[in-house]
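Order of writing sets the chain letters: A, B, C and D. Residues in each chain are counted from 1.
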Amino acid sequence: MTEQKTPDQKAPATIPAQSKQLPGGLTDTSMRVTGTRLDPSGALGSRAASAAHLDLDTPDHPYLDSNELVINMGPQHPATHGVLRVILKLDGEKVLGTECVIGYLHRGVEKIAENRTYTMFNPYVDRMDYVAAVSNGLGYCQAVEKLLNVEAPPRANYIRVILTELNRLASHQLWLGTHALDIGAMTPLFYTFRDREEILKIFEKYCGARLTTHAFRIGGCLYETYAGFEKDVKNFLKFFEPKIDEYETLLTGNRIWIERTKNVGVISAADAIALGVTGPVLRASGVKWDIRKAIPYANYADFDFEIPIGENGDTYDRYLVRMREMRQSLRILEQAVNGIPEGPIMAKVPKVIKPAPGEVYHSIEAPKGELGYFIVSDGSTQPYRLRVRPPSFVNLQALDVMVRGALVADVVAVIGTLDIVLGEVDR
Amino acid sequence: MNPVVNSAVNAAAANVGAAPVGTPYFFYGLAAVAILSGLLVITRRNAVHSALALIVTLLSVAGLYLMLYAPFVAGVQIIVYAGGIMVLFLFVIMLVNIERVSKERQFNRIWPVGLVASCLLLALFIGAFAKGRDLLPKNPVPQLSEGINTQQIASALYGDAGRMGQYTFAFEIASLLLLVAILGAVIMTKKKI
Amino acid sequence: MAEESKSPVPTPPEGEVKPTAEKAVPPASVGAQSPEKPVGSVQTTQAAAKPGGEGAPAKPAATAAAPAKPAAPTKPAGPVPMPWTSPMVEKYKAQYGSGLEAQTYLGQNYFSVDRSLIPDFLRLLRDEEQFDYCVDITAVHWPKREKQFDIYWILYSFARNERVRVRTQIGDGATIESSVSIWATADWLEREVYDMFGIQFDGHPDLKRILMPDGWKGFPLRKDYGILQQDKEWVQINLGIESGQ
Amino acid sequence: MLNSFMSYLHSTVTPGEAGNQLWALIYVLIIFAGVSLTVMWLINWVERKALAHFQVRLGPMRVGPHGLLQPFADALKLMLKEDIIPAEADQLIFWIAPVIGLLAAFTVYTVIPFGPSQAVSDMNIGILFMLGVSSLGVLGIVTAGWASNSHYPLIGALRSSAQMVSYEVAMGLAVVSAILMTSLNSTGTGTLSMIGIVRAQQEQHVWFLFKFFPLGFIAFVIFAIAMVAETNRAPFDLPEAESELTAGFHTEYSGLRWSLFMLAEYAAMMAVSSIAVTMWLGGWMRPFPNLLHGPAWELIFSLFPGLSFAAFAGFAFIGTVRMPKHSFFKVQRIGLGIFALVLAFIALVLFVIAIAGRNADTSIAASFREGIDYVYWFLMKIAVFMYLFIWYRATWPRYRFDQLMRVGWKVMLPISLGVLILTAIVGVLV
């Protein structure tokens, strides 16, 4: 996996250049779809044929057989971030192939949605990506607002942006801590949790909940900001800036950290796009694409911030991209908290939400990637069909492509760097 | 090792160290352990058990060396055999499919040949022991301090200041042999160099 | 097929009133559209960011933020689908004729294509129109129709910064071409559609349940799927207790 | 009997040399008890507290004042835990494996010189013996991993055996370069005996750390890295990398057997640290024995043990005072106060001995003072290494296996070999 340097990784990803060579799916050497036919010999072909490519009965070569060891990582394993089960086929310590077995946490969120009214379903979305609950709520509320064709008032948008960016920070902190712990550095975990606490305090003071914050309502926000909200956020900004430097001093220049992450789990931009990978993983491969810029929602268009991108699409770049994203979030927060206007926080929304028959797809840039809601309304008070497009689920699909030929330790590193939340993968 | 020990005998007769305690008991104990574990080595079906028994044998032999006031040899025995070789040995054995091995018949078709060979070897040993009894020292091994054993081995192998040692040449040849063996192993394992 | 894909949203019985509303709204909406600030801001930013996007066709999207709020329960007089016109659409309409309908609803464009055009149409979209990112594949179950399933491909083009939906309809038990060879990401997405709706994808390398346990009976997201007795049965068989409720 | 008992107090040789079986036995018991207690209680507690404060936590605070009794509680818990042997495991070897590791770790201590006469025996192959026996420790790990008959432990065992075997090479070469330095004396013959090595540093008036600078220093660094890998500590703790192999070779172990593994690991840490101290840091010698000598300096340096214990007592007293005045903390405050008093008493005794034995005659007090000084400085130097072990663990990520092997074979082996050759050349030239 080390020398995956297709030219499109180099240049800061001018998209047409990529999409020219995208036809034919993956352009990478180690995984190939020749033309438009699936080539089963190519790694992607065998990857897709997930069960077929690792025959799970133990090999029966009598003597000195150290290869083709099939081990079962998870569902209870310290490094799988929940109940992910990865079946590894190893040659010694080299990974020949993986298969993800998911669904242990499946709660049928989409089925529940069809039996709840739009308002009643709002809290459920927090339980999908419970690390970034506010983002989920924002996506859902805005999708329903789009269906109703109402627009949240400016002040509500500012509050939404502030809380969402804070939540992005919280999610990235949790990712950093657990990722570093997987690679063996215990200390950053405690630093990040110490600082994440400050964010959760703000959430708690705003809406009373720390993790599954049912913060937003369809049409705006239910709660007005508490007294001193701005001051809290500003204090947090002052408090958190040096903390990022602290994390970076521990990791960014650390020789072992670099050796463990550079050229590990490389995925080229073309492969990332073909696999539908979004979020920091896609940006680390050099694709400068962020829904906050491309299709701005809320009032992200009012803020100026950059989209950090990487070059090699390896674990180290993903790490750097997320670290820079934290700093960008701080920029957004600073502008938002200074420019927060007066005014109503709730649009005029009917008591009984009863959208016209129709369908709408709305997606936001969740901390983990594109979080989309596809809602079909039949004109009743309940969604006729609500489809969640979870970033973790789609990103996890890239795991096998990224760890092929790597070592067991790299599998752990890559699972960490994909930043999956099983609650969202399984829904 | 014999000449080394002899030289140690001559040289160390002079300086008498502390009186060792319970020497015979230690000797018989260690010898018994060595023999028993040696038997285990060839009787156990599980290869890992045999390997562990072999390690015990080697360690007790090292203890015997200590009692012969040859601590250096004992140390080398522990490091090289028990510490180094046996670990790699276990390393290999672990990758063998134990169940398969233990199911197999323990004697293959040519066991009579092996029996004959071992009988011949036994006869050879007995003959050597009978003929060469006078080679063995009459009186029990005299006490000699272990304090100079290492230095004696060193001078025997490398020679003292200036003068070339008794066994320097043989020693270097042996090391060359080892080098060849290492290269051969590398070439065998590497498909292409 | 044609008259079905005419009806923009698959209309369950109570939606029959819509055509009237269709006629009613647009003129008012065009008037009401210009002062719409919030959506306007979105359009401008997109125009600034990249050409096309949801901005250009989003004009009807601005229609009638007003009618939504009283939400007359009986008559959902909401925004209505408008025909969607763009060079791309013209091209494919010329190519496929009646098999393809292009509409836009709330500023979101979608094709309603005949099942026979899948997957060639998708491949054309990827190869010619640079829709190189398959956002999502999902389905909707309309038990009352004789072609029970809508299948959606939500596509996005980085080059055009534009998102379209492709919708087709198939009947129960019918199969449809897999698009794994077009977008690798379709693998798990199609597996989930199969898991939840029981729609067979021809040519999928490994079509099996992904979220539900392998031994699961039925397809949960179908409208006629009885949650309780399925759950009871599963619990009794696998956990040996009376009921999980 | 009693005479021989008392007479040995004046002896300047180890009981092994003096053939004094009684004292040898006493030393063995003292060392075993001391090492077990230090590992189980002191190092365990210090590691948890230090790690916790590295990581902005408090660490154990409840069991005993500042968690001082936590290790005992854990040990009790581990002993009372159900002793599980997996059904598929190889019962015999599963049972033997921890014992092998423990034996290997503790046998080493027979030749560690805590002082010129404060060692069980001074084998003339001391360092050889230490390396050999400590290399037997891997047998325990390998057999444990194999006997568990499970995938993760097997991988852990293979990793650790490969790792230990490959790092012993660099370790041995570094040690040899230090042994070469011992031969730079009048007779021109070096020694392998631990005490002899320290004596050589004494004669040459320099720690081998600074000998032929930077050669000695490089060799020391090589050894200091290799010994971390040898004891499977972070950042080389691949055999028990919890994020990949859940717990590595002792995944299937629990309760007492698991604690035996831990005991062996920490004992091995202290053993290798004492090798480093003996080889490069002048063993039991106090700092600057030949720059600052004379009765005044002797007295000052002999006050150090008492002073350090007094410092501990002071910390404990501060803690007692600063403990909240709530009745809930009453017991803990009393306990900490008693602990402080005990420390203060020890300090007092040490002061008394230091004063009483200040003039270096052959009185029992004098020999006591000397012995205490030797052991004190030796343990202080070991403590530095133990703290470093903890520090590494708090700071660094974990190496990957191939990187570990690369570092061992492609970096440290050539360097140590070059250092060895250079040391030989320089030694011949001077």
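The definition used in the following text is that contacts are C-beta pairs under 8 Å (C-beta built on N, C-alpha and C of every residue); 3 or more make two chains touch, one makes a residue touch a chain.
Note that this is a predicted model, so its numbers are computed, not measured.
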Innermost chain, taking as reference the mean of every protein Cα atom displayed: A
Which of B-D and A-C has more C-beta pairs touching across its chains: A-C
Farthest chain (mean CA position) relative to chain D: C
For chain A paired with chain B, centre-to-centre distance based on mean C-alpha positions, whole Å: 62
Euclidean distance of C-alpha centroids - chain B vs chain D, Å: 31
Distance from the mean Cα position of chain C to that of chain A, given in whole angstrom: 23
Distance from the mean Cα position of chain C to that of chain B, given in whole angstrom: 79
Residue ranges of chain B in contact with chain D within the complex: 17-19, 21, 46, 48-49, 52, 55, 71-72, 74-76, 78-79, 82-84, 86-88, 90-91, 94, 146-151, 154, 161
Residues of chain D touching chain B in the complex: 17-19, 21, 90, 92-93, 96, 123-125, 128-129, 131-133, 135-136, 138-139, 142-143, 145-146, 154, 157-158, 161-162, 164-165, 168, 188-189, 191-192
Contact footprint of chain D on chain A as seen in their complex: 69, 71, 77-79, 93, 180-187, 189-191, 194, 250-251, 254, 256-257, 259-260, 407-412
Touching residues on chain A, where the partner in the complex is chain C: 15-16, 18-19, 22-23, 25-26, 33, 36-38, 40, 44-45, 48-52, 102-103, 106, 108, 110-111, 114, 146-151, 271, 273-277, 287, 289, 293-297, 299, 301, 348-350, 352-361, 363, 370, 372, 374, 376, 378-380, 384-385, 387, 389, 393-394, 397, 426-427
Residue numbers on chain D that touch chain A, as the complex places them: 51, 54-57, 151-152, 155, 234-235, 237-238, 241-246, 393-403
